[in-house]
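What follows is chain A paired twice: with chain B in the first complex and chain C in the second.
Coming up: the complex of A and B.
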């Protein structure tokens, strides 16, 4: 009675879809409570300043004001952080970046508060500004957090083999520098949270647009000086996150909770888009130096990598983001000699933290550009060079880890992408048609006749690819386990809950599919419970594309505990022989040699009558990994996924515009559980990756962000990206539910690199700085307001 | 305060408001129609899209005074009692929803398109939703859902 999957891998309607499509789904700002107050933030227009005094006298007696909340009102920890406690809840001593909040005023009318906040007088002394991360470690650099003793947030070294010997033995050595830009998550829902004081002995409840309720709980409990059990976090429907509603929401929740407990009324904080972009953390800009030694055959002998990440004003997740970078910086290539240094530093720029990709899109842009450059130099095709160096089963990574226990499908995804797109033929064809971009000479802007181009030769086609490997889940970052709760009712309907929080990507649907598959029931029999830290077991954060692998593993383990109880009941009730098989399918239970199937409902009712518990919490713990931080060696992650994306572009050689016609995205994410969700991850990830590649950029001037709303910070619209073709290679793995692994981040990390290689194929020009916007393509530089001289000056 | 009368989701209503308050605030705060979302407040993201006399508008850019005597449809009024609008059904079937924050505006922009042009091609669909930002889906499944809805509308034999 071997059975095929009934729901796993099939298109299943989202568990929360009906509420979302009818407008009933409640997001954080949709919650209102009697007596609820609003809070508005006080900031100053400086990126680095010592605060001398704050004068509230102009507003103190205003009837619209209910309370002023400052650092003095914080009963517990005044500084918080994901890893280092360097970020004040309220900055009463100094500000280190323009998003910093000095205090908060609370009242009934948000509009009135916005008027009042302008009347508060802050006396401050500007401090020297540090906005260039390359200057952060100079001996005379101003210290952003003097107590840290240095502007270095973290340094991750990696040493394997002897890189100098490797270069000496190489026939060629190539050295290049790349840079990537600051970008904004751009979740469509700005931050919102409401804190509600509970009866005295119970503490506080917080409802918000919170990515990770358990992390938020830790922050709130530290700030209020409450035990964890007196802080209950409930997640509202989350309007997008992409890694971006972690620390910022922890801090906003703590601020709202401080106010709610002081005033003893519910307090809501909700941000406008401008405040959201101003204060929330972003993706790290990197500067990446690569030196690589290789032979005529294309075999890489040695790689020396030096990477600098701008962490901005606070450490946030920088130590973990850059750790993933150090593990994956060589790309999926077996190299005997590797010497890598990754550093993150403080500046007065907006702080940077977790964003989908998490330290991988930056090195992939560098290393995949490099591989193509070497291929062209050696007269090889991009796929050939990758086949010479790419990981195979049993390969040893830069961290000294042997790849095993899963199918190492790097070359499979590459070959699949190649075949599906006809890569090599197109690449060679485009390469022949190599007409240059039109170079503008600013000293004599008049174009002469020889430079005229007929309109039909303005557009050049290109194709490019990029490959990656990615460690699944947290790896050696920390403890990695997840739990789920399932309670089967006596009518066969099921309550399901998991400690990993829905981020909008559809994990609750994925978990419902997993439970439905184990019980052989349909997903509409499953009610997914709201995540509440008061009743749901802690499972760590929804990060690192770990939800399907870890939370899915926990749901499957939990469901299997209960199914086993039902099987034991059936065996004793019907006196089955030990080799009689029991199959749960189609809401029924089939038993070998038993005439008629029994409904799942009847079995559950029987269990209830026999006094058998059908509620339990199950657990899934990752196998252990190891890391020696002094040399960057160890089994960094317990398993990996592999991806290859091929971008097909057209480039307008007169305007520099890049049209992304098609992206073929081949991913080995292990077994696909939730097909509609998986497709959505690819479409969404590729689109975000393309935005990163060709136009998204947050620019700053003296630490201040210029693009504070979507009129200036542009993200891809429905018209910006062409066809996307997702292909899943379902490699086998001993971990995860039926071998399901990670997909969310792999889909995003490759696109910019593939586009860059495609543009090279189209116009013969290589790019070293993201984004490849019009100016970069045409002029090889970004045009910044401060670079332009206007008028007669 | 000014008294304004308008139709919201098929119901005649009147309300006394300052005429300069934004339609989005009127809907969310006075009528508790929280399906209309605010993503940017400057008419760039489309999350606050509602239909005004059948046309898609950004409710963050419309003032209460402007809607006097007009008909407003929000996401809450799109389904006919409990029967989903075909667009809503197809958004579900095609996986066109992830976080769902853009969904109400997206569905309403698409419905404004189909009201005007029941047989749009892919470019026309993209144009109609170009003012609705979505950061999750890459738009592909949304476009498929709109295409499928148009197909159903144009083949009456295939009942919903």
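Coming up: the complex of A and C.
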């Protein structure tokens, strides 16, 4: 009895939608408790300094002050980290970046604390600054963390074939350098967390805007020296994360917990936008050198890649971010000879870590620019060069992995995008219009009469594309498993919970759809429980676009355990023959060649009466992957997704403005579970990717950030991005719930590269440095104000 | 973080003006709050020692748009959204209407007011170039006096105006331009909404058979405050508006801006762009 999906793939409104649009949903700062105190951070105006002493005498006796919290109050680990423990909870010895916090003062009035914190005197000795990552590995470079012995955070080498031989056999060799910028996640809700001391035997509870409750629990337990079970993390509704509420929230949670346990009162930390941008981690700026050898057929023979990532002041997620880079750096192209080195280094800049895309948007910008450049040189179209080199079923990746067990849909997404947009015709048409951007000579700021642009050639049209492959979930980064909890009540309503966390991406709705599909009931029968590490099983972090694949797999497995119990009950209760089929559908259970349908509710009631447990925890574990870190070879990820985005732009050649008129986003994310959720991912990802391409940049001056709020840090508004046209190619896969895989990050990683290629198509000029802001487009450089003073000058 | 402040909401102009006299040392006027609140939040010097905010939103005398045969009079506390919905503004003062439409976002325009846009005299105030070319005058009242001066005279220097501490901008009066004038307003920001202006330009011209009878030119954001370019206006008067002259005028604008501002970090970008876009604006007006 084959049945169509009842809810999977349909557009389902998110379960928290109404609460969020009516303001009922509780975010971290909405939680208030009797006796709750606030905490305010002490920082100094230096990016690198040795702390000699902190003098609190001016505030010690102030009645607004309840407590001062310093490193001495930390009972457990004083330094924490995602991978390396190099980040102090409180910096009592030295600061290595301006966001660093030396101590924290606690009291009832946040406003009073902000006045008091200015009166604390810190005696410090400035240390030499290191802000250029290219100088981090020089022998005389100052060490950011002397105990590490070097400023090298990580080096990932990859060796396949023989590149020198490959270059020697190539008809052409091209070398280019690209750079990408530091950017901010720009989640709408700044950091907020409250720690509540529980009864003595129970430890502490933390409620916050937390991306990864289980990682947060680890940090808090290490810092308090508590067993994991005495730290309970509850997730509040999250006002955006994009990978940004991981370590920063772990650290803020630990600080709040240290204070709460010392004072024995609830303590809240909440950041202003300025503090958020100042302290939170960002996306890695990369410098990428690519050397590529190819023949006139377009076939790539060899690729040598050298990438340097600015990890900033702390290691954070740098080792994993750059690992994804080394796996994917060639792009989805079959190349026999590859030689890649990816390094991340320490500097005194704001530290960098996880952000949606996670080490992929940077190499995609480089490698997709490079592919277009080769195409133009060889008189091919951008799609042709990609078809020559692109992955097909059975292709071998740069890491030596054979692509199998899933549909390798790279060329399918490319062809779909091409047909839908009429790519080739438009690309060739725009290319004919040869007029160039004007080269100004700034020694004479008044432009020549001949340089004035005639109004009818002010605007140039361009179309560009970019493709990618992306490893799903964690890959060889670590253990990859997730679990879910389902409890069916005797009236047929269902409680559902999973150890992966709602980050605003709509995971709860996706999981509810999966459970509803298995039970043949409607999604409104399912109540999604809040995530609490005290009751929810650990499923690892909600990262790497793994929620639908791994958590969804766990929810499906769990629901299937319970459905099997119901099926067994039905078989014995009605003495069914072994080939009688049972179908769960429309809130009913249908049995072949048998009586009228029974309601799901009645079956659940019967199970309860018969003493059958309808609550269970289920598990989904990824197949094993492998990695040899010395040569960068192995089956890096167990499955992959493919995407192609086409950007259609107009460029104003007088101002350098890029108008993104349309982005067609074709993604093979496997089976789509919630159509509305999937569309939302594309709209958001493309917009964020466009911001990365043309607007966004956190700039620093001696380590200090210039853009501390959204008046200066410009993210795209709804008026800046035109039509977004998502198209889903649902490739089959043996993994994930009904073959559902990853979508969140692929949607973002391609857009900047596609826009850059479109701009080239429009004006005949290639850009090597993101973002392509007004000055970059017109002058091929960035202009910076001389100081950090705010406001238009 | 904003420390605690007293807020009073006078119901008429007299009450507000009296408060300004009584509490003159530590009070600030607030209307939409789109400048004051972020300023307080950032601890801006402009709002240091503020203890009282006088909310002028409910004063009927400064909340209307009226029209006589010669002029349009806009209350100082009119919001941009109100102005955008006003047919008189839209038809008679299209440059001002367009300038208002480029400000912030719907939410900001719902709160921000016309007087609030220029009383702090920030260089990027979007309505200023339009008010300048429309020869707007500013009505200012205190308990003891009432005066009306031109916008150009009112705006004295960067973040400085002729407004005294005991005064309120009550009305903005704009002579209705003759139908023979054509013109446009241009704004460049880093994005298409919620953007601080990098360049603003307003141009109003009256031509006869391509001969420039009168031209009024104003800029914002590229100069320390919004200004009129009277030298250029004189130069253009009586000239034939051919392509060559429009280019020359654009170059001259560049020279004037360079003279006023000197070279700044942003000049390398802004100077060529302002010349190009001024030229585009002139061509567009010429073609109707």
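The rule is simple: the second predicted complex is superposed on the first by the 785 of 793 C-alpha atoms of A that agree within 3 Å, B and C clash if a C-alpha of one lies under 4 Å from a C-alpha of the other, contacts with A are read in each partner's own complex, and residues count from 1 in each chain.
In the analysis below, contacts are C-beta pairs under 8 Å (C-beta built on N, C-alpha and C of every residue); 3 or more make two chains touch, one makes a residue touch a chain.
What you are looking at is a predicted structure, and each value in this text was computed from that prediction instead of being measured.
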| item | value |
| --- | --- |
| A:711 touches, of chain B and chain C: first, second, both or neither? | both |
| First (chain B), second (chain C), both or neither touched by A:773 | second |
| Which superposed partner A:378 touches (first chain B, second chain C, both, neither) | neither |
| Partner chain(s) touched by A:453 [first = chain B, second = chain C, both, neither] | second |
| Residue contacts on chain A - larger count, chain B or chain C | B |
| Chain B versus chain C as contact partner of A:719, first or second or both or neither | both |
| Which superposed partner A:727 touches (first chain B, second chain C, both, neither) | neither |
| Which superposed partner A:272 touches (first chain B, second chain C, both, neither) | both |
| Chain B versus chain C as contact partner of A:186, first or second or both or neither | first |
| Overlapping contact positions on chain A, where the chain C interface meets the chain B interface | 272, 710-711, 716-719 |
| Residues of chain A touching chain C in the complex | 110-111, 114-115, 272, 438, 440, 442, 445-447, 449, 451-453, 455, 458, 654-657, 695, 710-711, 714, 716-720, 773-775, 778-779, 783-786, 790-793 |
| Chain A partner contacts - residues on chain C that touch it in the complex | 1-4, 38, 41-42, 105, 122-124, 188, 190-198, 221, 244, 247-248, 250-251, 254-255, 258, 263-269, 271-273, 275-277, 279-280, 283-284, 287 |
| Contact set on chain A toward chain B in their complex | 11, 13-14, 16-27, 29-30, 185-190, 237-242, 272-273, 503-506, 676-677, 679-680, 682-688, 709-711, 715-719, 721, 724 |
| Chain A-touching residues of chain B, taken from the complex the two chains share | 33-42, 44-45, 47, 74-76, 78-79, 84, 88, 91-95, 97-104, 107, 125-127, 129-143 |
